[in-house]
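Next up, some structures in structure tokens.
Common to both upcoming complexes is subunit A, partnered first by subunit B, then by subunit C.
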Partner chain A sequence: MKNILQALADAVGRDYVSDQPEEMYFYARDPGLMPPHQPDYVVVPGTVEEIQTVVRLASREKIPIVPMGAGMALTGLIIPLKGGIVLDMKRMNRILEVHEKARYALVEGGTSQGFLKSYLEEHHPRLRHSIPDSPATATIAANVMIHGQGRLTQQYGFNSDMVSGLEVVLASGEICRIGSCAVSPDWFSKGAPFPDLSGLFLGWFGATGIITKIAVKLYPRKKMRDVEIFLTDDEELVPSMIYELTHTEMVEDINIFVQPRPMIFRGNHHIALFFTGDTDEELEFKRKLIWHALDPYIKSKDGGFMGIPPVMKPTLLDMPQKSVSRFADVKKGGGFEYSGPIILVEKYPQCARKIVELAARYDLGYSGMARIIGRGHSMMYGFAFTFNRADSEMMARTRSALCEISLFVLELGGVFWKPTVEEQKMALEKMDPNTRALMKMIKANLDPLGIMNPGNWEVA
Partner chain B sequence: MKYEELVHRCFRCGYCKFTEDYHDFNCPTYRKFRFETYSPGGRMWLIRAWLNNEIKTSERFQQILFSCATCANCVEHCVFTFKDDLVNIFVAAREKLVSEGIIPPAVRDYLKNIYIGGNPYKEPEAERGKWTEGTSIKAFEGQEYLFYIGCVGSYDERAKKIARSVGNLFLKSGLSFGILGEKEHCDGNEVKVLGEAGLFQYLAERNITQFKEIGAKKIVTLDPHALNAFKKHYRELGATFEVFHSTQILAHLIRSGKIPLSSYEARVTFHDPCYLGRHNGIYDAPREILQSIPGVELLKMRQNKADALCCGGGGGNFFTDILGGGKDSPGRIRVRQALDTGAQIIAVSCPQCAKMLDDALKAENLTERLEVLDVSEILNRALA
Partner chain C sequence: MVQLSFDAHLCKTCPTGDCLVKCQYLDVDREKAGEEMVKISEGKDSFVLQDCVTCYACEEYCKRGNHPFYLITERRQEKGILVAPRAITRQWVNIGEPQGKYKVGKIRDKVLSLGFMPEYLESVKGELFEDLMPSYVFGQEFFCNVVYIHFADTAIIKQRLPRVIDHFKSLGVREVVFMHDECYGAFASLAPAYGMEVPFKAVHYFEYLYQRLRDLRDKIRPLRLKAAYQRPCSARLCPDKHHFVRDIMNLIGVELVERQYQDENALCCSGILSLCFGYDIAHDVKARNLADMVKHGAQYCVFNCPACQNTLGAEVAKMGIRPIHMIDLCRMAIGEKSPNGVRPT
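This part shows the complex of A and B:
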């Protein structure tokens, strides 16, 4: 294997290749609950050409290759299930272009959410992108690869819907451009008006190619941003409340959270409504419409707006949400994991009851959080459990609870978001056979040697 | 290991690597090496694996631990309640390595030199006061302030100039102060962060006893590293004296009109030393000094105050150089950041930063365009 190490060093420089036990240990796992599996090498490339060289080497030697952003999906998608090379993309973090008027940003494949946020705030203060709640180190490319959601998801859909172009290194080592950038210097569309080929890569977790450049749509950044929280203790009413709220088209983002602590939060569904404006007048207008939409529920005493303590507002308005990471230490144990199925909003009551039931049965700390996708077209319901990494029994209970959720979700008509390998298998089993065959055909054609993040989306 | 009960609590979310506004990665070792293992989260996970015997005490593991500049950027930006102990955890892991006798040769040599000769330069202790030659700086005999220099200011040629520069200003202002000269001993800050807890305790107790015996009640340090040891760790061992950094005293003297200034035209950017800023919260005093000089235009580096990038010399790296050089070394990145401001001078208030950034300027071929000066050296140029 020494010659492979040398070949990798020739490709990217000796300083950016490791086969040492420390890197093998760290890159064998993510912060979630999936069992570790060690890579044989970790490579930190700096250019597209270096990635091409590494992929060609992997192809020639039939070595698995797993691209990695920050590894924050928590479902094991960057764990090298069959060993091989982990490609840590975060050295490729340049912002290549921001087109102010066409509102898109073109970045390298390892650019973090935090970098783009900071860059836009400094250089293009009237533009923003859809920032997910994952830590700032999460990359733009990895987030769209898992169909992540963000602060603009209620308005514009999944973050992957906001992609406006891709550059991908294929399993052969060739570079392929997807979208308008394939025929134009401009990166304004990922498909239309041509066939949208981005689906050959998005959602595949690197099993069909490695994203080396990505363009994402940017949106107006208003000068002001505020949040209101509507409270109800009747989960059955939440879907109709969401229907009314999305009808206003006044809201930037809608999250609904339930959590057992502090005590006064328990049993309540907190509908957090984020909205923006360039003037006080615009902000107050939106606030009025949002309040008006929920008037009937206030009159019927089924809910009301909560007075948000000033100390709580910065936490709620924070982007990305640091509080999400802090959930990992609720049990003083540095861990949490969640299952976040995409499901109809009308299934909210069942999901909200299920998390409370499972948390009680498995004696786990929990947080339920729904994010509305589009104008109520669906939602992501996050069944999140916090665990103590030093308590193997608690980790086992958390795993069991999450396994139950997988079955529950399928029965309820939901689909897995960023599924674990086991969930991928469950989904493929339930999938329409012709769809499954199409996936198999795509994978076989794009990765004939089976070296691209093997173990993921493998159709038997 | 001390703090063992904390190491499993890291989620490795990575906030610790950034500046507050996510403008850039700000962990010196992560910026240099770019493997996650060299980030604070990587260290936490590896220390846990090491304690659980999942990885061995390899050379690379030692490099990962000892390259940490203990700059406390992670402490500043970690989102968890145990954040204040992050550097303490890394130092505790070093302590365990030291106690097992498995440490990089450069660390061993540093500790050995302190143990045998009392300083890392293998120079006689009798020459600690040589930097005062040609000045009228007096030995401490009960004056108001004891001016404590430290090993770097006593022996390093660049740092000795800074010691003289500060001493000259103190003299001009009429400040009542004296030095220990050949009777001064190492403060031990780097001994502590390199993990030799026993040697540190010996040095600290010896200094505390000496300071008590000579009646030193107010100590002003040249080096923020000494300031840190005195303010934090000596107090834990019973020290009661007041401690100041030289910039705090100089700012006070300027405010009191005891250092008359004329104009000095220069575009200056200030580099916050980690042990002055993040570790001890002193951000304003050096800026106040610079802003008080007529003609000085103070330019802000994008990463400043709590977001300042370390020069790369912290955590013992000034002596051991385990973090190492190269174009991605923090010192070289830092001087490029300074160049971006349009400044002519990088102002510092730490002799270790001065030397590190001087070297970085040379490596970047920027000596024609930028100059590294201690705040006191700029003040001396502006004396009326």
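This part shows the complex of A and C:
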């Protein structure tokens, strides 16, 4: 295999390729619960051309190749299940263009969420993108590849709905542009008015191509941002509350959380409502409409707005939310994983009851968290458990709980978000046979040798 | 000893009906006031049981020795009439639950009780508290729980208060200076009225501050500023201590502006109103209160209760009035803090 290593070194430079065990150890795993599997090589390319060379080599030698952002998905999507090359994108982090008037940013495939956020704050303070609550090192391309959600998802849908163009390297090593950028220098649309080909890549976890450039839509960044939290002890009422709130069109982002610790949160569902304004008047106008939307529940004593102490607000308004990382260490040992199905908001009560039931049965620390998508078209409900990595028995219990959730979710009409390989198989099994056949056809055509992130979205 | 008994005959013969006539949130005349209070005392329904916003003020308005607010609270609890949404009540009950995370300083005979208001951990520094600190207690284990009368839940007060008293007892303290009106009221009057023995003397921190400022008189530089005072609901539980506000202001050269909503006529900060009743009433009360401060030329708004300051502080500042806690104002007067809150060099 020495000649492969040398060929990779020739492609990207000796400093950016490795087959050393200490590095293979790290690239064999993600922070979740999936069992590790070591790659044979790790490559950190710096240009599209280098990626093309690596992919051509992989294709020629029939070596699996797994593109990787920051590896934060937790569901093992970047674990090289069949070995081969992990293509770490972190060097490709340049911001190529921000079109202020057309409100989009064009970035390289390894650009992190945090980098774009700080770049916009410094150079384009009136613009923002939909930042997810993963750590700031998570990349923009990987996030849309898993149909991630972010702080503007309530208004504009999945972060992948906010893509306005892609450049991908296909399994053949060819470069392909998707969207308006295929016929124009401008990256304003990922499809319309032509056939939208972005679906050949988004959601495929790199099994059909590697994103090397991505354009994302930007949105107005208002001068002020505030948060209110509505409490209720009755999960059955949450869907109708969300309906009233989304109907106001005043709320930028809606998150719901339920957790037993700290004590202040025990026993209630917390609907966190984020809204923005350029003036005090605008902010107050929105606040008033939001409060009025829930007046009937206040009058019936079924819910109320909590008083948020000023010291608590900066934490709540933080983007991304650091509380997610803190939750990961509740049990000490830094373990955290969640199953986050996309499901109708009206299924909230069942999900909320299920997590409490499972946490009690498996004796696990938990946090239930939902993010509303596109004005209530659906939600992501995160069944999150925290565990101690040094406690294999606790990890086994967590796996069992997550397994039960997978079955529960499918039965409830939900679909898996960033599914593990096992969940992908479950979804494919339940899928309409013609849809499954279409997926197989796409995969076979785009990756005829089966080298692109093998194990993922493989239709038998 | 305070008795929380209620004599309906006193209401029947009341010449003023002040308890409800003076209420700033209900529109009731003298005749109706008497009728409603009698109905309530007889266990009958009354709109007051639904509409009372729990400002506690009727406790002070009644000069005939009755306790209208405690009566309303007990009746609400008996009838299961919720004041706050269930989830809000639950959250507050959770907040006060002892968790074994209390802090105790170097305890002496005399101790400072910070309740479990973390704001005070920073405030009680410097010369003002030199003869008390570091003898202090902090945490839910020392929290009076009286706030639950806002939620018509006296049962939890009666359940938790004896344990709190036991915690103090285990420290062997003789005198406790309380940093909140509710805490002071709990041990000075409510606990004895509930038949609980309080094995120490309760001192209101205003009284302590006043005495301390007199001791430090030589250090006081009159502040020569105009201030509005945001009187908290809980101050109605110990109206005999309210005079210390003026006494302290006089001592440190602060002019209390003669505004409409002060002293007995004070308005709620609106925190509890928004928790229990929603936007409109809270917004209206807040707007009237702030306009009154502005109209009368207040440069500072002086807070006693941290919860009031949390609710109104930012709003006051937007109106160009500097929010400040009474302790910080006093520290400013003895040169420990500058007007912008920073220790002078």
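The working rule: the second predicted complex is superposed on the first by the 460 of 460 C-alpha atoms of A that agree within 3 Å, B and C clash if a C-alpha of one lies under 4 Å from a C-alpha of the other, contacts with A are read in each partner's own complex, and residues count from 1 in each chain.
Here, a residue touches a chain if its C-beta (ideal position, glycine included) is under 8 Å from a C-beta of that chain, and two chains touch if they have at least 3 such contacts.
Fair warning: this is a prediction, and the values are worked out from it, not measured in the lab.
**Student:** Based on the shared subunit A superposition, would you classify subunit B and subunit C as clashing or fitting together?
**Tutor:** These partners fit in the superposed model.
**Student:** With both complexes overlaid on chain A, does A:V44 touch subunit B (first), subunit C (second), both or neither?
**Tutor:** In the superposed model, A:V44 contacts subunit B only, not subunit C.
**Student:** When the two structures are overlaid on chain A, which partner does A:K322 contact: first (subunit B), second (subunit C), both, or neither?
**Tutor:** first
**Student:** For A:Y219, select first, second, both or neither according to whether it touches subunit B, subunit C, the two together, or no partner.
**Tutor:** Neither: A:Y219 stays clear of subunit B and subunit C.
**Student:** Is A:E22 contacted by the first partner subunit B, the second partner subunit C, both or neither?
**Tutor:** First partner only.
**Student:** Taking the superposition on A as described, I'd like to know which of subunit B and subunit C A:P31 touches: first, second, both or neither.
**Tutor:** first
**Student:** Between subunit B (first) and subunit C (second), which, if any, makes contact with A:F158: first, second, both or neither?
**Tutor:** So A:F158 meets neither subunit B nor subunit C here.
**Student:** Return first, second, both or neither, reflecting whether A:W187 touches subunit B, subunit C, both chains, or no partner chain.
**Tutor:** neither
**Student:** Just to be sure I read the superposition right, which of the two partners does A:F275 touch: subunit B = first, subunit C = second, or both, or neither?
**Tutor:** In the superposed model, A:F275 contacts neither subunit B nor subunit C.
**Student:** By residue count, which of the two partners contacts subunit A more extensively, subunit B or subunit C?
**Tutor:** Subunit A has more residues touched by B than by the other partner.
**Student:** Could you tell me if A:P310 is touching subunit B, subunit C, both of them or neither one (first, second, both, neither)?
**Tutor:** Second partner only, subunit C.
**Student:** How far apart, in whole Å, are the nearest Cα atoms of subunit B and subunit C in the superposition?
**Tutor:** 14
**Student:** Is there a shared patch on subunit A that both subunit B and subunit C touch, and which residues make it up?
**Tutor:** Common interface on subunit A, subunit B vs subunit C: nothing in common.
**Student:** Under the stated contact criterion, what part of subunit A meets subunit B in this complex?
**Tutor:** 15-16, 18, 20-23, 25-27, 31, 42, 44, 70, 72, 88, 90-91, 112-115, 117-119, 121-122, 135-137, 322, 325-326, 328-329, 332-336, 388-390
**Student:** Could you list, by residue number, the parts of subunit A that touch subunit C in their complex?
**Tutor:** 231-233, 263-269, 280, 287-288, 291-292, 295, 297-299, 301-307, 309-310
**Student:** Considering only the defined contacts, which subunit B positions touch subunit A in the complex?
**Tutor:** Touch list, subunit B to subunit A: 8-15, 17-18, 21-24, 33-37, 42, 45-46, 49, 54-56, 58, 60-61, 64, 79-82, 326.
**Student:** Write out the stretch or stretches of subunit C touching subunit A in their complex.
**Tutor:** Against subunit A, the touching part of subunit C is residues 82, 84-88, 90-91, 94-95, 97, 99, 271, 274-279, 283, 307, 310-311, 313-314, 318.
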